[in-house]
């Protein structure tokens, strides 16, 4: 297939979609040529995922036409789109935790031999696919539920590839990936491109967009703002078009040394099944960044501190007092808040309203007999402060985009005025505008005297936000880095090329 | 973390068989102390007959439960099937095959109705099948004052009473049906899709599985199994019996056997082999208590406790496994 | 840079909330109309009051079941609990009026205790509640037969039976006001208030996503256990009313668990938890009772009743589910 | 042996359907009906103070082949123990076994829990246990037939009671006069005592139970003949609450109900209460010999009758089995008398010291452990 095919592979015209009378997509046009990487960017809730789901048959559009490979298509369901040759990597995982990698990868189109599922072929083909992505250590018969987030993301990618699609949609494929896996993905995208496969690529990470794409489409509030060749775009332009305003600088100022107060939370020799010998001091007024590779135990640390899987050894003190954090409730009462990394599974109560979600922790931990109205008013204000975008605060939270859901979760914790905040990937899957709003919020909280621990897989964010960093490896603290360290410093500690002593 | 631990312990012996072995050993001992004999021919035959009746429904029930659904109408389907079979045969061997065919067709039709209600009208399976059960109950109550029809003598002599050594033909039928279902789950697309739908319907849908079709088929298979139970019961009873399904508590007992066998009630995990174990366990407990002449009500208390305990053990194990 | 600006959310839109109950209300009205066409004096205060009074047990059971269902669980043990309670009451009271109140307290405590056990087994031992309560169902039925040797003994005192059988006489406008109805109104109000309280909202959240709830500081186990206890308590009150209404028998609670669950589903509450209102659940129970009465008035043949009932339930549930899952 | 369901299509010979009573049940067998009604007036042979040893119209059969030296092992396959009637009966049977203690070395009881399938397995199981005689109380007539036949083939003396089986093979079949008699007595009483052409409500427990079906079919004949208006035939599942709701709604719908007939006494008290609660006089009604109903009858001065299906029949199979093992002749079938409790003899059956769900016709006062065993 030639590089510039006369007919686009995919042509969307005037796509519209409403949910419960709320217009989410409005007259969107979009073309993808074979062998083209077409990036779609936009704020949280701009409608990117919705558009992708329409193309892949997950939703039926209210209006507009889809033309694929020169023929106009009506997709009744994902199966139709798959048949036509469209694959998708969803923003949220679509895997069965109880089944093996191979069973997941070939779900819906298992290889058959004489009418029966050919197990052996399924395994060997899965192995080949994983090898194509560069993932050679992952057994094809591993049970998906036991894999880490990153490995699951790899499975998700393999699953999309297994379709032999002519158009592949990637909705934030790197959100859960560490840098070296992102590299692998880059290679993969390029290879697919060479094979003449069209790619729709959604990401909030502008670097990736610039590195990979041929053209960029910006969505805002369900409308297409612009489509331009990547070579003609600049980051500033994109951000302005997405957000509708300028963002001056990416990260707020760090804390001045005098702003940093006493040790608020201290751990000595903390350990449990996943962690060993954790020593940690978290001071009032600082943002302590936690870096490390996937599976290095960062989340395990936050969960231990929040009492989800508590430390079984060692000592935790809060404001100098020995404290036992045996449950999330105990941690909450001790003034700790935890924004989890798995938003869908652990962050939101999907079918309850925005308001109920924001009030959840207050109600559970500090129920009040009187003053409920005042509490509600306060939480409404907080929701407004974090700029939640919803049809109303009685809208079910599952209808909000990922970023807005995250803001509601934040508001839930802010309502408790916590002294210690644990953020686990707080900006995962969140657009630039909201991201810097959250960065500002985090910094403001620190300035107001809170002690903040922030886990991030995005090195620029980690370096930009932290007053100090701990890098983890294999369930231990591999070393500490001061503000102003470089990405290389972090990676070196994380992969273990420098010893702790040398760091 | 070693890569090995990522692998599923591939099809381990379901815990229910361990429980079964222990139950039989302990039961055998107690019965012997009591002066009886647990494994004499007639007791074994009775045990296997009880297991065959419950097992056929329970295997079908496993399929719908694996798919995240449930069938509370099986008891009525069983009764209906005995009647359809026995009335069509009407005591003659000539109508044997048409009668079996008709009984199975009617059963499958009920399954189709269940499946359509659950998938098309999106009625929760609990309510949908309860409702269909009521529909059938009304039909049976209204149309039948008592047993009707006569099962063909050949069927009575073969499926009903024929055995090879101590093993009744009907138990072999159960083993065959179980094997077929096991095969279907492990080696057909339908099986893979069914487990997927039970595990997470949205994931299945987005992966291109036709959830509705899969669930409808599962419901039809479940009803077919219930219909088969009905035919077997007709062969045992010699006629159609409008209350045999409900009196046998086949609805709740089949579900109990399924979960004792290690299938998750929420769907997506488990299998028919475990169910077979669950059925044998329940039947063995029955047989042991029968030998000891334990009061039926006391037996019921024990049965309740065992169901809870068995599932608690599974939960404990699953928890420990997750913790590794 | 000033990102922290206040932008209040749009005001609440009234659409979402009431939508769930509309189909049910429509069905309720249709049933009422059908009944009054056939039996115009059904709506007269006296007969309406007595109808509501005798419906009180199922409505209370539906409310109790609602707590459990909305928290993501099931309670199949309520019917057998009602039977057990009635039989126990008769044996303990043994027709001695002075034992009435102590026994009432024993029953309430017993209901709570059974709920507690259900809750603990479900939450601590992680047994799916369908199984826990199915097991409890078998245990209770077996135990009560065992304990009473297969035939209820003793008898209920007139004082005990009053709750379910008698009424406040000469109430202005209404005429008679059954005690059962008064008890229902009080408890229903309390239940509605409970669901509006912090506990109620948290309970729904637990049913929706227990992981999130746990990580927000909710004591999920305890909350669910309390739901089971509320269901047990409801069963105890229902047992007192049913025992009062119709006396001792092993059939007292037969099938009530399915009745209660059906009522809750009719009321637009999702099995699996996290969605639906308690008012809906109670109206669902009322609908079910109206349906039975309708069949009495229309003289639907006794044997055909289950068919009519099944068809109407399927229809009603289909209608209400259809409304809430548009895609 | 009588064969209750042997000729299912005999309904054409039944009287024409009357108002409100619907089609005649296919269980209705005219010959049996006539036979039973005749038996109601027949004089029994046997000791007058032991109705459980009496026989109506005896036809003796020879049992010499079963003669065997004692003491014996007697096995009993029971349909269920799931209602007070069966409970009282079974206790009576156990007491009888105790009374015959020197002749019975072992009594094995297996409860089928109301499941045909289990009872078939139970009977098969008992065959391997060296029983000297087998007593069967079948759960369902037609469906237990093959299993009972198999037991006969094994050479055991088989005694069937309560419900029958469709085969002649058991040595004898013991039961009281039966369902037609019961249904007829109640229905005749109700239709005679109420105003002519009045409204009758028929309350039934469950559809599809043969004993209950025959009761209703006989009542239907009586009601059709008396030309009363049967306004409803409702199933109560034996649930008193449901009964009260049904009766209540019928009272409201029809203004008055002039008579109540029921196929079993379990919910008689609830039906009476429904009239009381509605502030209406209790119409003529029939119940059974359960003490709660008898007590209410006396206390409230009801116009009532209680046909019975006596629980003393549970004694007879033991007696019969022992006689058979002695080689004595027994009657086959063994029809027991079926007394009716009326206003006249009410007091002699009403023992206020027994529990409310006890059956007056237990014939157990002379047995070991009375009254404690039945309390």
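In order of appearance the chains are A, B, C and D, and numbering begins at 1 in each one.
As a convention for this text, contacts are C-beta pairs under 8 Å (C-beta built on N, C-alpha and C of every residue); 3 or more make two chains touch, one makes a residue touch a chain.
For clarity, every value in this text was computed on a predicted model and none was experimentally measured.
Note on connectivity: the fewest steps through touching chains from chain A to chain C is 1. Seen from the C-alpha centroid of chain A, the farthest chain centroid is that of D. Mean C-alpha positions place chain A and chain D at a centre distance of 73 Å.
For the pair chain B and chain D, the distance between mean C-alpha positions equals 35 Å. Taking each chain's centre as the average of its CA atoms, chain A and chain B sit 44 Å apart.
Annotation for chain C: residues 145, 150, 301-303, 305 touch two or more other chains. Residue numbers of chain A whose C-beta contacts span two or more other chains: none are found.
Touching of two or more other chains is recorded for residues 81, 207, 235 of chain D.
Pairs of chains meeting the touch criterion are A-B, A-C, B-C, B-D, C-D.
On the chain A side of its complex with chain C, the touching residues are 20, 248-249, 252, 306, 308, 327-329, 331-333, 338, 340, 345-354, 356, 359-361, 363-365, 367-368, 372, 380-381, 383-385, 387-388, 390-396, 412, 436-437, 440-441, 444. Residues 38-39, 41-42, 47, 50, 54, 57, 145, 149-155, 165, 242, 245-252, 254-255, 292-293, 296-297, 299, 301-303, 305 of chain C touch chain D in their complex.
On the side of chain C, the complex with chain B involves touching residues 121, 125-128, 130-132, 134-139, 141-143, 145-146, 150, 258, 261-262, 265, 270-272, 301-311, 313-314, 317-318, 321-322, 325.
Residues 117, 121-124, 126-128, 130-135, 137-139, 141-142, 252, 255-256, 259, 264-266, 295, 297-305, 307-308, 311-312, 315-316, 318-319 of chain B are the ones touching chain C in the complex. Taken in their complex, chain A has these residues touching chain B: 56, 58, 77-79, 82-83, 88, 90, 94-100, 103, 107-110, 112, 115-117, 119, 137, 139, 141-143, 146-147, 159, 273, 295.
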